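Here come two complexes built around chain A, the first alongside chain B, the second alongside chain C.
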Partner chain A sequence: MHLTLEFGGGLELLCESVKIHNVNVDLPKGADKLSMRDLLAWVRTNLIKERPEMFMKGESVRPGVLVLVNDCDWELSGQLDTTLEEKDLVVFISTLHGG
Partner chain B sequence: MACNSSTCNSSGCYKGYEEEEQPKPNTKAAVNGGNSCQNLCVKCKVNEPVCCGIGGENSRFCKDCFKNNLYGKFKQAVTYNAMITPPDKVLVAFSGGPSSRVVLQFVHEMQYKAQKNYDANKDKSLPVFGVGVAFIDESSTHSFTSLHIEKAIEDIRLIVSNLAPPSKELFVVPIESIFSSDGIDGKERLKELLDAVSDVTGKEDLLIRLRILLLQKIASENGYTRIVLGTCTSRIACHVISATVKGQGYSLSADIQYVDSRWEIPVVLPLRDCPAQELNTLCSLDGLKIVELLNGPCSGINGLVSSFVKVLQAECYV
Partner chain C sequence: MESNGGGASPIRREIETLKEERARIEQRISFLEAQLQEEASLAPQQQQNDGVCNGFCPSETSTVDANLAHGLSADSIYRYSRHLLLPSFGVKAQSNLLKSSILVVGAGGLGSPALLYLAACGVGRLGIVDHDVVELNNMHRQVIHTEAYIGQPKVKSAAAACRSINSTIQIVEHKQALRTSNALEILSQYDIVVDATDNAPSRYMISDCCVVLGKPLVSGAALGLEGQLTVYNYKGGPCYRCLFPTPPPTTACQRCSDSGVLGVVPGIIGCLQALEAIKIASDIGEPLSGRMLLFDALSARIRIVKIRGRSLQCEVCGENTTFNQQQFKELDYEKFTQSPLSTSPPKLKLLAPDSRITSKEYKERIISGEPHVLVDVRPELHYKIVSMPNSLNIPLASLVTRLPEISSALKEQEKEGTRSGANLYVICRRGNDSQRAVDYLRNKGFDLAKDIVGGLESWANDVDPNFPMY
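Let's turn to the complex of A and B:
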């Protein structure tokens, strides 16, 4: 599944300072849908190059990380259970840094 | 025109750049597989919500109402505390980050509306307040490449020049000009000063102090009557904890007021009621450009407290 992932607020530093990633994520074995839970695990394995604890805590994102799926807060679409579709845009923003 | 919602309580709805008649039927809510279709924006009850404010269940807004709500909080803080009055010249401290980007945007919106009213009025009795922007270049204390900092400054110039009319003067001032002498000497003196502090937290706090002193200097030398900071609720929360931990209790209550009059040029905090995640969401939704010069996570007390406050917030929802 082709997705666009964006990292902001300092999270890009964990992905070799690349803010925008166009990725192709395989569905987990036997599944017919891709959830945010699956995507996060994929991101941790494939995109996060250092200090994974700054991005994730357990199977979700670290407190202070805002997640928007197609400009919509993931709290409204089921958080980890949010299902993703082809060409979706997922934005991760760390709000730990002030401004 | 008034927002249609009967629960609208913002003191003057934020209309945005185009004066829209009605909230448009929402186009981009992503509700894949979720069951939130029966939920509507808590304010207008027309559109599907796309954002969660800090109130969780009770603050699901559509984009327009979310923006209105945030601008409403800003406007209320400004009005109730008389932060900006017609004869004022306000200096907005712009770090490039999301909070200061939002405060800059909102101050501009306010000034723009005041200008339109002034132009439309035959009786020109109330002048429009002036706005200037200050960016402190701290590259001498960090290890950014000069290309990096030059690009950042260029981006900032572009952001400020696009926030016109009315046009705003931009001051790009290196942190070392806090010392009266300039150039190399200032850099050396700054380095000496920072090296004299051995702990990370001490260095960070010293820099914070130097920043505000420099802002005072810029404001006073250029006739500004107020300094506007983008300090948000989250930062205030962190400050309450970190100041307590550092034994700074005496000054704490004055540190977190809407208006800090201890300085020659009063410092105002119009975003004091806005949490960081809402400001970040607004920047993302509205495409407000942010210029980030980040040095990696803070390892001192301030960084620890910031993470702690986030954990507390996350656990509130459980």
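Let's turn to the complex of A and C:
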């Protein structure tokens, strides 16, 4: 499945400072769809190059990270259970505090 | 008396300040004279208006003939004419604005442009909270302050700038740090709150306070080349905690003083904060509630995303919450977020005193020609800004893999020196990372490793005042 993943708010530092990743993610064995839960595991294995604890906590993202599926908060689409479609855009953004 | 330097610069600074003050007073006098003349010509039969009218004067003190049902004074009509001409703004919105009050917490990178625009646009009462003083390294982004105010309270500087733009509105100075002990009292005096602070505990505290007081909150943040903006607690929309129920780990909270920030980025977000506050105050348009604006300066992208609504489970604004003013006052936000309310950098105490030397002691060792190696563990980007002569840059992050470089540098020194066992000193910017490095080095058998207390900052303060600091 072709997806565009974007990292911001400093999270890009965890994947070699690259913000936009066009990726092709295989469906998990025996599954007919890809969930955000599956994608997070895939991102952790394939894109996060350092300090994974700055990206994830348990099977979800760490506190302070917003996840947006097609410019919409994943809380509105079922969080970890959100089903992804071909060409979806998923944005991971760390909340900023500076000013 | 000193012949030059030393005593002269404070005197020059005071002269500058006094000159600025004189200019402001003269400006104010001429403005008041003009106002007096105008009022005399418009309403010769009336008594002079002696109260502060915020540009919104009762109709009897306005002109006699003109039909001014909105109550804007002649001066206000002229000053805000470009607003009044806007079909989507007009007299009604301007009147609303003149009757409103807005509090800006933080007169820094975000607060600077926000305050300038809020003062200019005619917010009736504008409050400023800040406890900090203006510093030279603020000037690149905190555009409300001028060099003449370096060393003086930001509140004073910001208030003077706002008054010089618009002397007809009320500017209130709150020269204090916002804490749970004073937040309720300060925030309750205003209709709208603008969060222009720079740390996580302040953001939770301000949001919670706005919830218990029922105030809309315009929240902005900026770091590096990115910015974020949204409106919380507005007409049933989410609060900060609905979005971020659990505070992020401290390591995820970067500061502008460590990570840097391009000056114009908070400027843009601060301007947008002013815009959202103006929309709410004047009751026009659709404020950015339930949505968030994400700004990426490098790629010139602005993305506006839909965020969750008010969470029924929210501990502060949810359905079954019992959170009230009393609980707010008792909440320890520094403990809750595990980070300090001020942006002053943390002072780590990891090492025993015999594993450390002061910058003055280090200076003596250089003079005595002691054979040693100085390792600077700051990131390469920092090292490029300024560094000590003859130091070896091994960033803390790569220390583990670069220990052989330290060993060979020590051997080289031992060959040159007469005594055996060259000393190993470690320095960083402020003396925290150097302690972590020495702790690690000692565990790896570098028994002579010592850190320089307070890092380059103390070298600049105590030994070499000409050493550039950043």
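The rule is short, and it goes like this: the second predicted complex is superposed on the first by the 96 of 99 C-alpha atoms of A that agree within 3 Å, B and C clash if a C-alpha of one lies under 4 Å from a C-alpha of the other, contacts with A are read in each partner's own complex, and residues count from 1 in each chain.
As a working rule, a residue touches a chain if its C-beta (ideal position, glycine included) is under 8 Å from a C-beta of that chain, and two chains touch if they have at least 3 such contacts.
Values in this document were obtained by computation on a predicted structure and should not be read as measured data.
Visitor: Identify whether chain B and chain C fit side by side or clash on chain A in the overlaid structures.
Guide: Clash: chain B and chain C overlap once superposed on chain A.
Visitor: After superposing on the shared chain, does chain C or chain B touch more chain A residues?
Guide: It is B that touches the greater number of chain A residues.
Visitor: In the overlaid three-chain picture, which partner chain does A:2 touch, first (chain B) or second (chain C), both, or neither?
Guide: After superposition on chain A, A:2 lies in contact with neither partner.
Visitor: Applying the touch criterion given at the start, work out whether A:49 contacts chain B, chain C, both or neither, answering first, second, both or neither.
Guide: Once the two structures are laid over each other on A, A:49 reaches no partner at all.
Visitor: Touch test for A:33: chain B only (first), chain C only (second), both, or neither?
Guide: In the superposition, A:33 touches chain B alone.
Visitor: Of all the chain A residues, which ones make contact with chain B and with chain C?
Guide: The overlap between the chain B and chain C interfaces on chain A comprises residues 8-10, 54, 62-64, 66, 68, 71-73, 75-76, 91, 93, 95-99.
Visitor: Provide the residue numbers of chain A that touch chain B in the complex, in ascending order.
Guide: Within the complex, chain A touches chain B at residues 8-10, 13, 33, 51, 54, 62-64, 66, 68-73, 75-78, 81-85, 88, 91, 93, 95-99.
Visitor: Within the complex, which stretch of chain C touches chain A?
Guide: Residues 106, 108-111, 196-200, 203, 220-224, 226-228, 243-249, 251-256, 259, 261, 266, 269, 292, 294, 296, 299, 303-308 of chain C touch chain A in their complex.
Visitor: Can you list the chain B residues touching chain A in their complex?
Guide: Chain B reaches chain A through residues 28-36, 39, 49-52, 56, 60, 63, 95-101, 230-232, 234-235, 276-277, 279-281, 284-285, 290, 292, 294, 296-297, 303, 306-307, 310-311, 313-315.
Visitor: Going by the contact rule set out above, which residues of chain A touch chain C in the complex?
Guide: 8-10, 19, 53-54, 62-66, 68, 71-73, 75-76, 91, 93-99
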